[in-house]
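Input: structures, listed below.
Shared chain: subunit A. Partners: subunit B in the first complex, subunit C in the second.
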Partner chain A sequence: MKEIIDASGLSCPQPVIRTLNAIKKTQENELTIIVDTETSKENISRAAQAQGWKVDDVVFEDDQYRILIRKE
Partner chain B sequence: MVGIETSDDAAVYYINDETALIQTLDFFTPVVDDPYTFGQIAAANSLSDVYAMGGDPILALNIVCFPDCLDPAILSEILRGGQDKVIEAGAVLAGGHSVSDDEPKYGLSVAGLVHPLKIMTNSQAKPGDLLILTKPLGVGIINTAIKGEMASPSAVENAVFSMTLLNRIGKEAMEDLEGVHSITDITGFGLIGHAVEMAEASNVTIRLNSREIPYIREAEEYAQLGLVPAGAYKNRDFFKEKIFMSEGVPMYLQDILYDPQTSGGLLISIAPKDAPELMNRLEDSPVAYGCIGKVEVFQNRFVIAE
Partner chain C sequence: MKNVFATRRGIVGVGLAIGILASLLQFLGNPANMGICVACFVRDMAGALGLHRASVVQYLRPEIIGFVSGSFIAAHAFKEFRPRLGSAPIVRFILGFFAMIGALIFLGCPWRAVLRLSGGDLNAILGILGLATGIFIGTRFLKAGYSLGSSHKTYISAGWIMPIIMLVLLALLIFNPFVAGENVSGMLFYSLEGPGSMSAPIYISLVVGLIIGFLAQRSRFCTMGAIRDLILFKQNHLFVGLLSLGIAAFIANLALGQFNPGFAEQPVAHTMHVWNFGGMVLAGLAFTLAGGCPGRQLFLSGEGDGDAAIFVIGMLVGAAFAHNFGLASSGAGATTSGIIALFIGLSACLAIGYTMKEKM
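On to the complex of A and B.
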């Protein structure tokens, strides 16, 4: 089971903080983050890159973005 | 004399050959936890619109929204912060109005005076002018980091110092320089947005040299960490048809250019002959500044950032 961080409904910058914490803790090479604003989607892409990860895939479904990030 | 047509900073009403009245109003929700500091920031921001029109504030009224459930001592601190800034500006605070609301909000309606021939609008930038920006950018990004409890003490200190600083310093530095053609203050639309407004109102193109933009150092790291406020993305999307952003501008610097500012500085369009004198005077003041670009004849886009 891949790790999923559900940050939907959280206001900026909480989704980014959760993503940064998850990247720090995880043993996995990929994480899925769920957010519901364009701002959070953009910011998570920046946060991932700053940690040496990259956005692999973004799926927009039911007003939510499922962002797959992967360790480079 | 100045209305809504040119997206300027305040309304200006002609009284007689010697005097015009500047009237402005602004208020917002807290950007910092400390109520006294918030009061100072909100007041400095409201007073700024008068300075951006070339005037001097004379009279201010409080606008307050405050929840019934919060300690009234917090409100007293907010008002004390506002009062102190109004006094520093040399104006009089003469009461105001408050309503009960779920979220605190504070600001001022400010009246100021200016000689009708010395009104500084955002619509008189001339090709050949240099552009001077006072105050560093990046406070929106720092405020986002503060919300996320990620901001370093020095980042907070620098942002608070900048947000509480009156634009009176910048305004007085250029007072007797006849080469000053146009002024606006940098607030919610970010440097890019307010530069677009100035260029559009003046029918010119503004070319920004992003390497010369003053910004609070930590904003670079926080932007790269994704601590960019929603307003910056809104500004990027809203102004994209009117600007050209060179690919050579690093992403974090683009974010800083779009970053909405709280109580931001002044963007001054000035003839090159007077620019060195203005910069000399700013050098001797506590205000950070930069010579960040120039004004050119209109060429397809209102702002070119490179």
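On to the complex of A and C.
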């Protein structure tokens, strides 16, 4: 089962903090983060890229973004 | 579609634009080093509505109406309007309330702190140091798992409430216009002297507000986030935006003859360094715990965030309390009541930060 971090509805900068914590902890080389605003999506992409991960895929459904990031 | 405003160039461009527009608003009549001040302008609005009766700070500032409406327009144009609410509203109200108290002890929000510095007011350095200190304390709580919990999706009409309130205020302003020499016009109060009496022409203020609201929604411009992200993530994206604002306003102020360096005799400012610092510690901490600077809270409320709207209403009430009970500073300095309120506010914000944590 792939790791999923649900950060939808959280204020800035909590989605980014959760993503960075997950990146630090995980053994996997991919993670899915769920957020509900374009701003959080942009922030997570920026933070992930700074950690050497890349955004592989973004799916928008039900007013939520599912962001798949992968270790480069 | 890539959001050009969220790129490095985008945020720099937005910062430069806001800096120049702020300087121009001052040139066109807004108070000195107050081309834009979210806290001061919300305080002036509280006065215009008679929520406080400090006669020198009463004017229904069109810039604020423009901020929310511009963001509302941008959010719709780019399909980002997301009505949401339900993340600890009472806590956000309190944070907005004390953020305003702190800002009014310093005499300005982070926006004005930067604009004061770019106009040569060196007291602003203390304010900015205080702001950074407050934000630093806030980031410790964030690292320890501080969270006000998730908001959830709500009805479209709920997201429209704040923009509609702004439209109603605009109607009040248009139908109760300033009458020369009169302190009251219909339902609104107008200052005859002091900062509240100084303003750029209404429609210029409104249009500039709309432009800034639009740009800030697209770029996610945030004066608190600028410093927070630098401390927390060593990431300077928003910070270069804030820096651009300061530099642009500084150059524009030089060009317009609005740069007067020094500590003493600065407009709408005092020289009590400790309280300039302390006031902004409180404001910075409250903004960090609420997830955005006062401008950002307005922009968020325009894109449907009901919790940000509650923060704004907290600021409005905070402003009323600040002037009804003599908590706000003046050119003469901070007041004893203000200093007591500062410590109450710090205690409240620290209690919120310590007790509202989720397990990581």
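Some points to look at:
Definition applied: the second predicted complex is superposed on the first by the 72 of 72 C-alpha atoms of A that agree within 3 Å, B and C clash if a C-alpha of one lies under 4 Å from a C-alpha of the other, contacts with A are read in each partner's own complex, and residues count from 1 in each chain.
Everything that follows uses one rule, which is that a contact is a pair of C-beta atoms (placed from the backbone, for glycine too) under 8 Å apart; a residue touches a chain by one contact, two chains touch by 3 or more.
Here the structure is a predicted model, which means the values were calculated and not measured.
After superposition onto subunit A, the partners subunit B and subunit C occupy overlapping space and clash.
Contact with neither subunit B nor subunit C is seen for A:I69 once the two complexes are overlaid on the shared chain.
Within the superposed three-chain model, A:I44 lies in touch with subunit B and out of touch with subunit C [touch as defined at top]. Touch criterion met: A:S8 reaches subunit C, while subunit B stays clear of it.
Once chain A of one complex is fitted onto chain A of the other, the partner contacts of A:I33 are absent, as it touches neither subunit B nor subunit C.
Of the two partner chains placed by superposition, A:I23 touches none, neither subunit B nor subunit C. After the shared chain A is superposed, the part of subunit C among 59-67, 149-157 or 221-229 that runs into subunit B is 221-229, by C-alpha clashes.
Under the contact criterion defined above, the residues of subunit A that touch both subunit B in one complex and subunit C in the other are 12-14, 16-17, 20, 37-39, 42-43, 46-47, 50. Across the complex, subunit C meets subunit A through its residues 3, 6, 78, 80, 82, 84, 86-87, 142-143, 147-153, 220, 222, 225, 228-229, 232-233, 235, 237, 290-292, 307, 360. Here subunit A touches subunit B in the complex through residues 12-14, 16-17, 19-20, 37-39, 42-50, going by the rule given at the top. Considering their complex, residues 8-14, 16-17, 20-21, 36-39, 42-43, 46-47, 50, 63 of subunit A touch subunit C. Subunit B meets subunit A in the complex at residues 144-145, 147-150, 223-230, 233, 251.
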